[in-house]
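Note that subunit A is present in both complexes that follow, paired respectively with subunit B and with subunit C.
Then we have the complex of A and B:
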């Protein structure tokens, strides 16, 4: 009976969506441009986290894991990446305050500018998880051809709430649902720098706004075998957006994960192989990702890899305070030999 | 932080994930390749790549625009130099300021007087450019050759030119204008021909050639700025017409006159000095 239900449920989700066509030809940063807000540990897993039961610094990626929360938790997390000097410029850009100084800062100082910063308030319990994100800012620009600069700019600011609830439907089969309410401002453009001096170009980097509401179901089935093998499914972006934009795709996507926990001498190890998109522009092979999380005492060691880069980090939860650092790389699309490196740090407080 | 030479997919393929033993094929993108070569200061290779691509696909305007930028790169054009030019385009409004007037009573010849007035008007207009684009780098003669070629390539686009390409061409023309002003326009004052003359004379032939060259360039700049910014098109057209008329009158005078009277000579020379045009030849203590 359980197998029948599992198969039916997989067939249902598999039928929802296929791979999105790769439309950008210039560059794309699948690991930084993701429209899915994520915690430090999630980033270090290369976002391969659907089957990970315990995400120590945030909500689980799959709401079906809610019922597996061991104890209630309330916390605040602050994350910052390298390139934070550009944070103010990115925020001004998203406020539509375009000045010469800002343009100089953004586009004439180097080939790559990247910044990510966010703040989260998390609450986790056995039946309900909640997250309030007062602000998350991501900015990324690549400038090519210094003689007539061709710029790709991505900047997004989001605010919102996330709620998760889940339960064990029957033995080892967990289901859950996640509701996300997001208010976002963004700029996603490719343009030549000289275009900013033309009449038409002045409107190019005006921010656009979108309000989104998503109801995203997920499920996980644990097989009663050693290594705790499990399969997870999650449907991302099932919901409503106030306005569709060609340059910011958030299509409905079925995401799949296969996880297991091989026994180790000390601590716990979770490994997850997944098929999920970050910005919905990747090819199928780019959607494959692998993540591993090792937990020993107060320490979490994590690493991940996908078609666009690698990442790894360490996170410590010491009494009420926690801190972590993650290193991540991202290959530029259509550029075999160039990639961006990002270092994230996060500080938090939990009770 | 950005670093070259890492291929994550290689690591991924080495992992346990199945079905990725073959590297994913990537379509060779000539423009991106050219960008990379330019950014790596391998501009000659970029030019070779683009010229080859244009030979195969002569109608591809994007290749030509990138080729022009490659030549501009050899001419010393870089992003740090472009940004101030683009951001100061509003300063061009200064070009519309009232031109200085000559005290006609002091002039011996009305025709000569008018020619001097025209010449000084052109100088003032050029000075406006120099002031607006003080941060524009001065191109060396060798660099100017490449910039000229970049402008030539963009001119070949004809009516296929986009507003941003026209503005880019205007930027290159501004750099070239500054080069010509600094290197060529001045230095037209010759030593007095005899002891009776107290001031230096203007070499009419050279001034005429330079005025025509610069006038044409200025008109091209104004037209390109007007094309890329339709809200400024009317003002730019008016200034282009005014410049054209001034240069034309100047040319008519230069072709008929052999000498400029002393008052006009002083006026023009002072205008040149006052507006900072480079290689003034000192003579008789001036």
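Then we have the complex of A and C:
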């Protein structure tokens, strides 16, 4: 078992370093993706969470884990990333309220804006999980080229419901299904700043809308061994969208995960290696993700690595209140170094 | 015509009643659990409580250590960060940390009700048979209390569901309406899960 793991880790890290050598078209926040809605702990795990049984601050990534919920939970979670000062500007942009003052604030030379804010109402039980997301906003913009400023921009606002159910079909074989209903409003454009001076230019950043319904099945099989090894499969984005947009792709994808829970003297440790996309522009090697979650008392320590960067954080939950913080790296264009500059914070209350 | 209509309704009502009775009747698993609880012996109970005490010690200590880390990390983090949101979270860490230490100490030193019952019986001069009789009576009482507790919870969640669904139905703001329907729906599910022990 240890030999297999060592080799898997080696292959994984060699692959990641290969992925890092590639350049991106713009700087990228390692844990915020246009169409991915995730909790703080999931972000910290580098979204390598398909085989993780207990996600303390949200629904399990794989609906087949529903039957393994230990106790019912009903609570609210609020997540915010740094750059939250721009939240109002991004929302105005998505409402189509473009003013010169806002343009000056958002697109000043060299400015990089990255923001994510989520609000979730979660319900978890042994038979059904549900999540109501009244709002989730993600925004990113970067301005380059002093002579004739170029803007790369995306902003997305989603609201909707997620329902999950699952059961143990055979001994140690769990299956489940997730239904997601989403209303999206988004802007995804690259344009010259001077274009915003004209009506045609303003039309470029007019928000587009989409309604999506996804029915996503998942399964997990546990092997009866000491490390509790398990394999997970999940079919993402299987469903219907009201209107297809070239700039916002959500193709159907089969995702795979391999998880272990090595016994530790105190607490519980889960490790997961997965193959899944976050933005559907990733190469095969970039789809590999590694995450680890350690639960000890009221503390959940988590960390993750993938082609986009490294993340780590801590989450504390006790009875009614919970709070967490995650730091993640951000990669810049033509620079191979990482910058630990994105911070996510989350506060939650449970009834 | 009216008679036939009434008969149909009566038939449907009986069917519903039968269904509800079937759902509320004691399931085989429940019966097995009841019989296990009824036949619990003092020696077995003592063994279970001793194991539980060991688990409580480890669990309690985990909460104390993790709580201390939350407190220390919270103080350190709040001092080094400039960001208000981060400062806020680190401050919450401190509160959770202290609460966690307190909870850990409670789990370690006090624990669940069974530990108290065990200690009380341990201090008496009852014979093992008398202790077993007491445990049987205690377990019956506990089951009754749990049943009443479930009923009260089901009613509470049912009322919350009704209130939220009603408020949602008369609400004009779409966002609030959806949110209230969700809270209503979730409470309805909770009420159902407390009514019918799955």
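Here is the rule we go by: the second predicted complex is superposed on the first by the 306 of 351 C-alpha atoms of A that agree within 3 Å, B and C clash if a C-alpha of one lies under 4 Å from a C-alpha of the other, contacts with A are read in each partner's own complex, and residues count from 1 in each chain.
In the analysis below, a contact is a pair of C-beta atoms (placed from the backbone, for glycine too) under 8 Å apart; a residue touches a chain by one contact, two chains touch by 3 or more.
Remember, it's a predicted structure, so these values are computed and weren't measured experimentally.
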#### Entry: Which superposed partner A:103 touches (first subunit B, second subunit C, both, neither)
first
### Query
Once the shared chain is lined up, is A:239 touching subunit B (first), subunit C (second), both, or neither of them?
neither
#### Entry: Which superposed partner A:229 touches (first subunit B, second subunit C, both, neither)
neither
### Message
With both complexes overlaid on chain A, does A:200 touch subunit B (first), subunit C (second), both or neither?
### Response
first
### Task
Scan A:82 for contacts with subunit B and subunit C and give back first, second, both or neither.
both
### Task
Look at the residues of subunit A and decide whether subunit B or subunit C touches more of them.
B
### Message
In the overlaid three-chain picture, which partner chain does A:217 touch, first (subunit B) or second (subunit C), both, or neither?
### Response
neither
### Query
Taking the two structures together, which residues of subunit A meet both subunit B and subunit C?
82, 343
### Message
Touching residues of subunit A toward subunit B in the complex: what are they?
### Response
25-26, 82-83, 100, 103-104, 107-108, 110-112, 143-150, 192-201, 273, 283, 285, 288, 290, 305-310, 329, 331, 334-343
### Task
Sort out for me which residues of subunit B touch subunit A in the complex.
1-9, 11-12, 15-17, 19-20, 24, 26-27, 29, 32, 34-36, 38-39, 65-66, 68-70, 72-73, 77-80, 82-83, 86-87, 89, 163-164, 167-168, 171, 228-231
### Task
Enumerate the contact residues on subunit C facing subunit A in the complex.
58-59, 62-67, 69-70, 73, 77, 83, 85-86, 88-90, 92-93, 95-97, 99-100, 103-104, 175, 178-179, 182-183, 185-186, 189-190, 193, 198
### subunit A residues within the subunit C interface of the complex
72, 74, 80, 82, 84, 121, 123, 125-128, 130, 132, 134, 159, 161, 266-267, 296-299, 314, 316-319, 321-325, 343, 345-347
